[in-house]
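In the two complexes that follow, chain A is the common piece, with chain B as its partner first and chain C second.
== the complex of A and B ==
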């Protein structure tokens, strides 16, 4: 599992961030991007010496300054579950596409070409044929 | 590029640029060596000189460590690991990660 995927699963959950400077931020993860830049809400900020604290309603943290993140243990299971659901969904889609290709035999290539946005318009009849195969299979 | 793939799902030790020593199950990594450690603990080991200090083991939970901070990831051999008495182990201070030119 990718670290960013896990982190995405931790949205709206409490997280603890330590920056390279040693400062820590504790708060609810609002959003993140592919660079691990984060926004947190309801934040408690602790300085490097851990002797000064301050409260912030919202902060934005640049990913490159992060040393590590601590996230709730249960996020791991949650992320795995989500991953599994996504995989199942994808498998379903692949199966559907694969089945279609088998049915139409040599026409499989046509279907693939038809699947691309631009060409689709000019291959309306072929596309229709593919749908026809679909119906046939369903009737069998 | 060598691969952390072989360490996936296994217990590993991680040494970070700020000389911390982590232990946990490697659950994921990416191209920039950001790593996920499950059931992560931090070990603090003292050297021979620190006579009145006791080695510590701090449970941390689920951790994501930024790739830039990771200095070293090592797979744990369970058989050897079992023979280590962490409470009495002495360790010398790690050298800096910065190379003087």
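== the complex of A and C ==
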């Protein structure tokens, strides 16, 4: 399980982000993309000296500037569970597809469709994560 | 020209120097041959306790759970430790996800001996240690400022970044 995949399991959970400058942002993780760009909601921002604080409703952080993130302890177990569920679902799909193939005889095409189905969720996620989503919001 | 083989000098018995109890055995220092290079060399350290030094000088101790091609690391049950000469302080930090570019070095810990060096040190409050460290960093920055000035007068550049405290 890659770190970024693990981070998707932390969606809607409280996280703490420290930038390379030493500033920290504490809030609920709304979304992220493959570049580790993030959006947070209900954020408490702390400056480098940790002596000034401010509240923001929503913050967008470019992944490049992140030093580290701290996520809740239970995320590791949660991500594992989610991963297992996903795998089970996939196995079920494979089994069902196998049955279909035996019945209809046109298995080749079915198999290919199944393969794409497995990816669909990820693609959907990626689309949803796209920055345009937020840029559009700004333009409106 | 025939060279007569010189008789090899008789082995000299020297007194073995007093061994540092914390020093590793010489044979432990040999590098293993790695099946992978770059970030993939970390596979062997997954689910083991590791130490990570960050560019800002933070020392993290935790169990490596996952990593990727950028050496982004996920550490579980992480402790942050501050070393100050003969004192140290530590605090529990939980799950850490470190962006690879901020890592200076990391290595596996020998869990039997990882705390040996702490026995000769005094543990202090983490807040206290943090304040002392802050002062230390401030001093380094001001020293480096003077250094930069002096070097610049001689037409040289001081290669110092404020964020680099390791």
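Criterion: the second predicted complex is superposed on the first by the 95 of 140 C-alpha atoms of A that agree within 3 Å, B and C clash if a C-alpha of one lies under 4 Å from a C-alpha of the other, contacts with A are read in each partner's own complex, and residues count from 1 in each chain.
Heads up, the rule we're going with is that a contact is a pair of C-beta atoms (placed from the backbone, for glycine too) under 8 Å apart; a residue touches a chain by one contact, two chains touch by 3 or more.
Predicted model, so just to flag it, every value in this text is computed and none were measured.
J.: Which term applies to chain B and chain C once both are placed on chain A by superposition, clash or fit?
T.: clash
J.: On the A-aligned overlay, A:30 touches which partner chain: chain B = first, chain C = second, or both, or neither?
T.: In the superposition, A:30 touches no partner, neither chain B nor chain C.
J.: Identify the partner contact of A:59: answer first if only chain B is touched, second if only chain C is, both if each is, neither if none is.
T.: Touch status of A:59: no partner.
J.: For A:76, is the partner it touches chain B (first), chain C (second), both, or none of the two (neither)?
T.: So A:76 meets both chain B and chain C here.
J.: In the overlay, answer first, second, both or neither for which of chain B and chain C A:44 touches.
T.: Neither chain B nor chain C is touched by A:44.
J.: Thinking of the overlay built on chain A, is A:21 touched by chain B (first), by chain C (second), by both, or by neither?
T.: In the superposed model, A:21 contacts chain C only, not chain B.
J.: Quick check on the output: what are the common chain A residues between the chain B footprint and the chain C footprint?
T.: Of chain A, residues 1-4, 6-7, 20, 36, 63, 66-73, 75-76 contact chain B in one complex and chain C in the other.
J.: Could you list, by residue number, the parts of chain A that touch chain C in their complex?
T.: Checking each residue of chain A against chain C gives 1-4, 6-7, 20-22, 36, 63, 66-73, 75-76.
J.: Can you tell me which positions in chain C touch chain A when the two form their complex?
T.: Of all residues in chain C, those touching chain A are 54, 56, 65-68, 72-74, 76, 93-99, 102, 163.
J.: Touching residues of chain B toward chain A in the complex: what are they?
T.: These residues of chain B touch chain A: 16, 18, 27-30, 34-36, 38, 60-66, 68-69.
J.: Which of the residues in chain A end up touching chain B in this complex?
T.: Against chain B, the touching part of chain A is residues 1-7, 20, 36, 63-64, 66-73, 75-76.
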